[in-house]
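Take a look at this one; I'll ask things after.
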Amino acid sequence: MKFGILVNEGPYQHQAADTALNFTKAALQKGHEIERVFFYHDGVNNGTRLTTPPQDDRNIVKLWGELAKEHDLDLVVCVAAAQRRGIVDQDEAKRHGKNADNIADGFRISGLGQLIEMGIKSDRLMVFGD
Amino acid sequence: MLHTINKSPFEKNSLGTCLRLAKPGSDILLIEDGVYSVIKGSAMESKVREATKEHTVYALGPDLKARGIEENRLIEGVKVVGYDGFVELAADNDRVQSWL
Amino acid sequence: MGNGAKKFMYVNRRAPYGTIYALEGLEVVLIGAAFDQDVSMAFVDDGVFQLKKGQDTGESNMKNFSPTYHALGDYEVTKLYVDRESLGERGLSQDDLMELTYEDEDDDYKEKPSIRIVDRKELMKLMEEQDVILNF
(Lines give C-alpha, C1' and ligand atoms only; values in the text may rest on other atoms or scores of the structure.)
Protein backbone atom coordinates (compact mmCIF):
# COMPACT_ATOMS: atom_id res chain seq x y z
CA MET A 1 0.00 0.00 0.00
CA LYS A 2 1.11 3.54 -0.76
CA PHE A 3 1.08 6.12 2.01
CA GLY A 4 1.31 9.88 1.57
CA ILE A 5 2.64 11.70 4.64
CA LEU A 6 1.82 15.34 5.36
CA VAL A 7 3.80 17.04 8.14
CA ASN A 8 2.33 20.36 9.27
CA GLU A 9 4.51 21.28 12.24
CA GLY A 10 8.18 21.94 12.78
CA PRO A 11 10.40 19.63 14.82
CA TYR A 12 10.63 19.94 18.62
CA GLN A 13 7.83 22.48 19.10
CA HIS A 14 5.26 19.75 18.46
CA GLN A 15 5.43 15.97 18.50
CA ALA A 16 3.89 15.81 15.02
CA ALA A 17 7.24 15.43 13.24
CA ASP A 18 8.31 12.61 15.59
CA THR A 19 5.01 10.80 15.12
CA ALA A 20 5.26 11.19 11.35
CA LEU A 21 8.82 9.87 11.40
CA ASN A 22 7.88 6.87 13.57
CA PHE A 23 4.82 6.11 11.43
CA THR A 24 6.86 6.33 8.22
CA LYS A 25 9.53 3.99 9.61
CA ALA A 26 6.90 1.48 10.77
CA ALA A 27 5.12 1.59 7.40
CA LEU A 28 8.39 0.95 5.53
CA GLN A 29 9.24 -1.86 7.91
CA LYS A 30 5.92 -3.52 7.14
CA GLY A 31 6.72 -3.36 3.43
CA HIS A 32 4.49 -0.42 2.50
CA GLU A 33 5.56 2.28 0.08
CA ILE A 34 5.85 5.96 0.91
CA GLU A 35 4.67 8.00 -2.07
CA ARG A 36 6.10 11.21 -0.65
CA VAL A 37 6.55 13.17 2.56
CA PHE A 38 5.25 16.70 2.15
CA PHE A 39 6.13 19.47 4.61
CA TYR A 40 3.65 22.33 4.99
CA HIS A 41 2.89 25.18 7.40
CA ASP A 42 5.68 25.24 10.04
CA GLY A 43 6.49 21.69 8.91
CA VAL A 44 8.94 23.27 6.46
CA ASN A 45 11.26 23.75 9.45
CA ASN A 46 11.96 20.01 9.30
CA GLY A 47 14.07 20.86 6.28
CA THR A 48 16.67 23.33 7.53
CA ARG A 49 20.21 22.02 7.87
CA LEU A 50 21.02 24.79 10.36
CA THR A 51 19.15 22.88 13.07
CA THR A 52 21.52 22.11 15.93
CA PRO A 53 19.80 20.30 18.79
CA PRO A 54 21.66 19.48 22.02
CA GLN A 55 23.93 16.42 21.66
CA ASP A 56 21.79 14.23 23.91
CA ASP A 57 18.64 14.85 21.86
CA ARG A 58 17.45 13.44 18.54
CA ASN A 59 18.29 15.34 15.38
CA ILE A 60 14.98 15.17 13.55
CA VAL A 61 16.25 16.89 10.40
CA LYS A 62 19.07 14.39 10.12
CA LEU A 63 16.77 11.45 10.85
CA TRP A 64 14.56 12.46 7.92
CA GLY A 65 17.58 12.77 5.67
CA GLU A 66 18.95 9.37 6.68
CA LEU A 67 15.59 7.66 6.24
CA ALA A 68 15.20 9.29 2.83
CA LYS A 69 18.61 8.07 1.78
CA GLU A 70 18.03 4.55 2.96
CA HIS A 71 14.60 4.19 1.34
CA ASP A 72 14.88 6.68 -1.52
CA LEU A 73 12.09 8.85 -0.08
CA ASP A 74 10.85 12.02 -1.73
CA LEU A 75 10.94 14.75 0.95
CA VAL A 76 9.25 17.88 -0.39
CA VAL A 77 9.16 21.24 1.33
CA CYS A 78 6.37 23.58 0.14
CA VAL A 79 7.89 26.60 -1.58
CA ALA A 80 5.26 29.15 -0.50
CA ALA A 81 5.33 28.06 3.15
CA ALA A 82 9.15 27.89 3.03
CA GLN A 83 9.52 31.40 1.66
CA ARG A 84 7.42 32.83 4.50
CA ARG A 85 9.61 31.05 7.05
CA GLY A 86 13.05 31.51 5.53
CA ILE A 87 13.81 28.04 4.20
CA VAL A 88 15.61 28.31 0.84
CA ASP A 89 17.68 26.20 -1.51
CA GLN A 90 20.37 27.57 -3.78
CA ASP A 91 18.01 28.47 -6.61
CA GLU A 92 15.52 30.17 -4.31
CA ALA A 93 18.30 32.10 -2.58
CA LYS A 94 19.56 33.34 -5.93
CA ARG A 95 16.11 34.26 -7.20
CA HIS A 96 15.34 36.34 -4.12
CA GLY A 97 18.79 37.86 -3.70
CA LYS A 98 19.62 36.09 -0.42
CA ASN A 99 23.23 35.45 0.52
CA ALA A 100 22.71 31.95 1.91
CA ASP A 101 20.62 28.82 1.58
CA ASN A 102 19.69 26.37 4.31
CA ILE A 103 17.83 23.40 2.82
CA ALA A 104 18.94 20.13 4.43
CA ASP A 105 20.31 17.08 2.62
CA GLY A 106 17.61 14.83 1.25
CA PHE A 107 14.95 17.56 0.96
CA ARG A 108 13.78 19.46 -2.10
CA ILE A 109 11.62 22.57 -2.46
CA SER A 110 8.59 22.42 -4.73
CA GLY A 111 5.02 23.63 -5.14
CA LEU A 112 1.76 22.78 -3.41
CA GLY A 113 0.77 20.79 -6.48
CA GLN A 114 3.03 18.06 -5.11
CA LEU A 115 0.74 17.76 -2.09
CA ILE A 116 -2.37 17.34 -4.24
CA GLU A 117 -0.55 14.89 -6.50
CA MET A 118 0.48 12.93 -3.39
CA GLY A 119 -3.19 12.78 -2.35
CA ILE A 120 -4.16 11.48 -5.77
CA LYS A 121 -1.42 8.86 -6.01
CA SER A 122 -1.48 7.55 -2.43
CA ASP A 123 -3.87 4.92 -1.12
CA ARG A 124 -3.94 6.70 2.25
CA LEU A 125 -3.00 10.23 3.17
CA MET A 126 -1.81 10.72 6.73
CA VAL A 127 -1.87 14.21 8.26
CA PHE A 128 0.46 14.93 11.18
CA GLY A 129 0.03 18.35 12.70
CA ASP A 130 -1.05 20.30 15.74
CA MET B 1 -12.69 5.24 8.81
CA LEU B 2 -9.74 5.65 11.15
CA HIS B 3 -9.88 8.81 13.24
CA THR B 4 -6.78 10.00 15.05
CA ILE B 5 -6.86 12.57 17.85
CA ASN B 6 -3.70 14.17 19.19
CA LYS B 7 -5.12 16.70 21.67
CA SER B 8 -5.60 16.42 25.39
CA PRO B 9 -9.38 16.62 25.91
CA PHE B 10 -8.67 19.08 28.70
CA GLU B 11 -7.10 21.50 26.20
CA LYS B 12 -9.21 21.24 23.06
CA ASN B 13 -12.39 19.40 22.24
CA SER B 14 -11.09 17.49 19.20
CA LEU B 15 -12.21 14.16 20.69
CA GLY B 16 -15.70 15.57 21.31
CA THR B 17 -16.04 16.78 17.72
CA CYS B 18 -14.69 13.49 16.41
CA LEU B 19 -17.17 11.49 18.49
CA ARG B 20 -20.01 13.70 17.27
CA LEU B 21 -19.09 13.21 13.60
CA ALA B 22 -17.66 9.68 13.49
CA LYS B 23 -19.91 7.00 12.04
CA PRO B 24 -20.70 4.18 14.50
CA GLY B 25 -18.20 1.37 14.10
CA SER B 26 -15.23 3.63 13.43
CA ASP B 27 -11.71 3.06 14.71
CA ILE B 28 -10.52 5.87 16.97
CA LEU B 29 -6.83 6.12 17.81
CA LEU B 30 -5.57 8.50 20.47
CA ILE B 31 -2.00 9.65 19.93
CA GLU B 32 0.37 12.25 21.43
CA ASP B 33 -1.51 14.32 24.08
CA GLY B 34 -4.69 12.56 22.94
CA VAL B 35 -3.74 9.64 25.19
CA TYR B 36 -4.65 11.74 28.25
CA SER B 37 -8.27 10.97 27.29
CA VAL B 38 -8.16 7.36 28.44
CA ILE B 39 -7.16 7.59 32.11
CA LYS B 40 -9.56 5.83 34.45
CA GLY B 41 -11.22 8.14 36.94
CA SER B 42 -10.77 11.26 34.85
CA ALA B 43 -13.58 13.62 33.90
CA MET B 44 -13.49 12.00 30.43
CA GLU B 45 -14.19 8.49 31.64
CA SER B 46 -17.94 8.31 31.00
CA LYS B 47 -17.56 9.87 27.55
CA VAL B 48 -14.77 7.47 26.54
CA ARG B 49 -16.62 4.48 28.03
CA GLU B 50 -19.65 5.47 25.96
CA ALA B 51 -17.39 5.73 22.89
CA THR B 52 -16.03 2.21 23.39
CA LYS B 53 -19.59 0.89 22.98
CA GLU B 54 -20.00 2.46 19.52
CA HIS B 55 -16.45 2.45 18.24
CA THR B 56 -13.17 0.67 18.79
CA VAL B 57 -10.94 2.97 20.81
CA TYR B 58 -7.16 2.60 20.71
CA ALA B 59 -4.31 4.49 22.38
CA LEU B 60 -0.75 4.59 21.09
CA GLY B 61 1.44 2.65 23.53
CA PRO B 62 4.69 4.58 23.04
CA ASP B 63 2.84 7.86 23.77
CA LEU B 64 1.28 6.39 26.93
CA LYS B 65 4.71 5.20 28.07
CA ALA B 66 6.37 8.53 27.35
CA ARG B 67 3.80 10.21 29.58
CA GLY B 68 4.08 7.71 32.42
CA ILE B 69 0.58 6.33 32.00
CA GLU B 70 0.61 2.64 32.97
CA GLU B 71 -1.75 0.32 31.14
CA ASN B 72 -3.56 -0.58 34.38
CA ARG B 73 -4.71 3.05 34.58
CA LEU B 74 -6.63 2.86 31.31
CA ILE B 75 -10.40 2.84 30.97
CA GLU B 76 -11.57 -0.72 30.27
CA GLY B 77 -12.16 -1.49 26.64
CA VAL B 78 -9.40 0.80 25.34
CA LYS B 79 -6.86 -1.14 23.30
CA VAL B 80 -3.17 -0.31 23.13
CA VAL B 81 -1.23 -0.45 19.85
CA GLY B 82 2.29 0.40 18.77
CA TYR B 83 3.37 2.22 15.62
CA ASP B 84 3.02 -1.01 13.64
CA GLY B 85 -0.57 -1.25 14.89
CA PHE B 86 -1.09 2.39 13.87
CA VAL B 87 0.07 1.52 10.35
CA GLU B 88 -2.24 -1.53 10.26
CA LEU B 89 -5.22 0.54 11.35
CA ALA B 90 -4.47 3.10 8.64
CA ALA B 91 -4.12 0.40 6.00
CA ASP B 92 -7.21 -1.58 7.08
CA ASN B 93 -9.53 1.44 7.03
CA ASP B 94 -10.58 3.03 3.73
CA ARG B 95 -9.67 6.52 4.84
CA VAL B 96 -8.06 8.40 7.68
CA GLN B 97 -9.06 11.64 9.32
CA SER B 98 -6.83 13.38 11.83
CA TRP B 99 -8.62 15.63 14.25
CA LEU B 100 -5.91 18.13 15.09
CA MET C 1 -14.20 15.83 -13.90
CA GLY C 2 -12.55 12.66 -15.14
CA ASN C 3 -13.55 9.20 -14.05
CA GLY C 4 -10.35 8.85 -12.08
CA ALA C 5 -11.19 11.91 -9.97
CA LYS C 6 -10.82 11.47 -6.24
CA LYS C 7 -13.05 13.07 -3.65
CA PHE C 8 -11.02 15.57 -1.62
CA MET C 9 -12.45 17.20 1.47
CA TYR C 10 -10.67 20.03 3.23
CA VAL C 11 -11.77 20.12 6.85
CA ASN C 12 -11.26 23.54 8.43
CA ARG C 13 -11.46 23.64 12.21
CA ARG C 14 -9.49 26.76 12.97
CA ALA C 15 -10.33 30.45 13.09
CA PRO C 16 -8.53 32.90 10.79
CA TYR C 17 -5.76 35.34 11.89
CA GLY C 18 -4.95 33.78 15.29
CA THR C 19 -2.93 31.21 13.38
CA ILE C 20 -1.98 30.83 9.73
CA TYR C 21 -3.73 27.48 9.16
CA ALA C 22 -6.86 28.97 7.56
CA LEU C 23 -4.90 31.12 5.09
CA GLU C 24 -2.46 28.40 4.08
CA GLY C 25 -5.28 25.88 3.96
CA LEU C 26 -7.08 28.09 1.46
CA GLU C 27 -3.92 28.20 -0.66
CA VAL C 28 -3.99 24.41 -0.89
CA VAL C 29 -7.63 24.49 -1.99
CA LEU C 30 -6.89 27.01 -4.75
CA ILE C 31 -3.90 25.06 -6.08
CA GLY C 32 -5.81 21.80 -5.76
CA ALA C 33 -8.62 23.19 -7.91
CA ALA C 34 -6.35 22.95 -10.94
CA PHE C 35 -6.18 19.15 -10.56
CA ASP C 36 -9.76 18.49 -11.61
CA GLN C 37 -10.74 16.47 -8.55
CA ASP C 38 -14.10 16.41 -6.75
CA VAL C 39 -13.47 19.02 -4.08
CA SER C 40 -15.44 20.13 -1.05
CA MET C 41 -14.72 22.08 2.11
CA ALA C 42 -16.11 21.53 5.58
CA PHE C 43 -16.15 24.17 8.30
CA VAL C 44 -16.33 22.71 11.79
CA ASP C 45 -15.61 24.08 15.29
CA ASP C 46 -13.73 27.43 15.08
CA GLY C 47 -13.41 26.90 11.32
CA VAL C 48 -16.84 28.50 10.91
CA PHE C 49 -15.28 31.84 11.89
CA GLN C 50 -13.39 31.80 8.58
CA LEU C 51 -16.66 32.57 6.81
CA LYS C 52 -17.79 35.42 9.10
CA LYS C 53 -18.65 38.46 7.05
CA GLY C 54 -17.23 41.92 7.66
CA GLN C 55 -13.61 40.91 8.37
CA ASP C 56 -11.45 44.03 8.44
CA THR C 57 -7.75 43.76 9.26
CA GLY C 58 -6.99 47.44 8.57
CA GLU C 59 -5.99 48.26 12.12
CA SER C 60 -4.19 45.01 12.88
CA ASN C 61 -1.95 45.18 9.81
CA MET C 62 -2.54 41.60 8.78
CA LYS C 63 -3.54 40.39 5.35
CA ASN C 64 -7.32 40.19 4.98
CA PHE C 65 -7.76 37.03 2.97
CA SER C 66 -11.53 36.75 3.37
CA PRO C 67 -12.17 38.10 -0.19
CA THR C 68 -10.46 34.95 -1.49
CA TYR C 69 -13.44 32.85 -0.35
CA HIS C 70 -15.53 34.76 -2.91
CA ALA C 71 -13.19 33.55 -5.66
CA LEU C 72 -13.69 29.87 -4.81
CA GLY C 73 -16.70 29.61 -7.12
CA ASP C 74 -14.55 30.65 -10.09
CA TYR C 75 -12.19 27.80 -9.19
CA GLU C 76 -15.14 25.40 -9.24
CA VAL C 77 -14.97 24.92 -5.50
CA THR C 78 -18.70 25.12 -4.93
CA LYS C 79 -19.41 22.80 -2.01
CA LEU C 80 -18.81 24.51 1.31
CA TYR C 81 -20.42 22.61 4.18
CA VAL C 82 -20.86 24.40 7.49
CA ASP C 83 -21.56 22.37 10.63
CA ARG C 84 -24.82 23.69 12.10
CA GLU C 85 -23.91 22.84 15.68
CA SER C 86 -20.51 24.59 15.52
CA LEU C 87 -22.21 27.70 14.16
CA GLY C 88 -24.93 27.76 16.80
CA GLU C 89 -22.49 27.06 19.63
CA ARG C 90 -20.62 30.21 18.64
CA GLY C 91 -23.68 32.43 18.59
CA LEU C 92 -23.72 32.69 14.82
CA SER C 93 -26.33 32.01 12.15
CA GLN C 94 -26.26 31.90 8.36
CA ASP C 95 -26.85 35.69 8.27
CA ASP C 96 -23.43 36.17 9.84
CA LEU C 97 -21.64 34.38 7.00
CA MET C 98 -20.35 35.82 3.74
CA GLU C 99 -22.64 35.29 0.80
CA LEU C 100 -20.64 32.98 -1.41
CA THR C 101 -22.02 31.94 -4.77
CA TYR C 102 -21.04 30.17 -7.97
CA GLU C 103 -22.40 30.08 -11.50
CA ASP C 104 -23.83 26.66 -12.28
CA GLU C 105 -22.70 25.85 -15.81
CA ASP C 106 -25.05 22.87 -15.92
CA ASP C 107 -28.02 25.12 -15.17
CA ASP C 108 -27.71 28.07 -17.57
CA TYR C 109 -25.05 29.74 -15.40
CA LYS C 110 -27.54 30.50 -12.66
CA GLU C 111 -25.99 31.97 -9.56
CA LYS C 112 -26.29 29.56 -6.66
CA PRO C 113 -25.14 29.62 -3.03
CA SER C 114 -21.94 27.68 -2.28
CA ILE C 115 -22.50 27.48 1.46
CA ARG C 116 -24.73 24.77 2.83
CA ILE C 117 -25.42 24.44 6.51
CA VAL C 118 -25.56 20.77 7.35
CA ASP C 119 -26.40 18.78 10.43
CA ARG C 120 -24.21 16.17 12.04
CA LYS C 121 -25.68 13.17 10.26
CA GLU C 122 -25.24 14.73 6.84
CA LEU C 123 -21.66 15.79 7.55
CA MET C 124 -20.89 12.31 8.89
CA LYS C 125 -22.19 10.82 5.64
CA LEU C 126 -20.24 13.29 3.48
CA MET C 127 -17.00 12.49 5.31
CA GLU C 128 -17.52 8.78 4.77
CA GLU C 129 -17.77 9.38 1.00
CA GLN C 130 -14.32 10.96 0.71
CA ASP C 131 -11.10 9.48 -0.65
CA VAL C 132 -8.81 12.08 0.88
CA ILE C 133 -9.46 14.23 3.95
CA LEU C 134 -7.07 17.08 4.64
CA ASN C 135 -7.33 18.77 7.99
CA PHE C 136 -6.18 22.30 8.67
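Note that the chains take the letters A, B and C in the order they are written out, and that residue 1 is the start of every chain.
By our rule, a contact is a pair of C-beta atoms (placed from the backbone, for glycine too) under 8 Å apart; a residue touches a chain by one contact, two chains touch by 3 or more.
None of the values given here were measured: they were computed from a predicted structure.
Novice: Can you give the shortest number of steps from chain A to chain B, where adjacent chains in the path must touch?
Specialist: 1
Novice: Applying the document's contact definition, name the chain pair with more C-beta pairs in contact, B-C or A-C.
Specialist: A-C
Novice: What is the distance, in whole Å, between the centres of chain A and chain B, each centre taken as the mean of its C-alpha atoms?
Specialist: Centre-to-centre distance between chain A and chain B: 26 Å.
Novice: Provide the C-alpha centroid distance between chain A and chain C, rounded to the nearest whole angstrom.
Specialist: Spacing between the chain centres: roughly 27 Å.
Novice: For chain B, give me the residues that contact two or more of the other chains.
Specialist: Within chain B, residues 95-96, 98, 100 contact more than one other chain.
Novice: Can you list every residue of chain A that touches 2 or more other chains, as numbers and ranges?
Specialist: As it turns out, chain A has residues touching two or more other chains at 8, 125, 127, 129.
Novice: Could you check chain C for residues that touch two or more other chains and list them?
Specialist: 132-133, 135-136
Novice: Where on chain B does chain A make contact in their complex?
Specialist: Checking each residue of chain B against chain A gives 6, 31-33, 62-63, 82-84, 86-88, 90-91, 95-96, 98, 100.
Novice: Spell out the residues on chain C that touch chain A in their complex, using ranges where they run on.
Specialist: Contacts found on chain C: 6, 8, 20-21, 24, 27-28, 31-32, 34-35, 37, 132-136.
Novice: Considering the complex alone, what residue numbers of chain A touch chain B?
Specialist: Contact set of chain A toward chain B: 1, 3, 8, 15-16, 19, 22-23, 25-27, 29-30, 32, 123-130.
Novice: Where on chain C is chain B touching in the complex?
Specialist: 11, 13, 44-45, 83, 85, 120, 123-125, 127-128, 130-133, 135-136
Novice: Write out the stretch or stretches of chain A touching chain C in their complex.
Specialist: Those residues of chain A that touch chain C are 6, 8, 40-41, 80-81, 111-113, 115-117, 119-120, 125, 127, 129.
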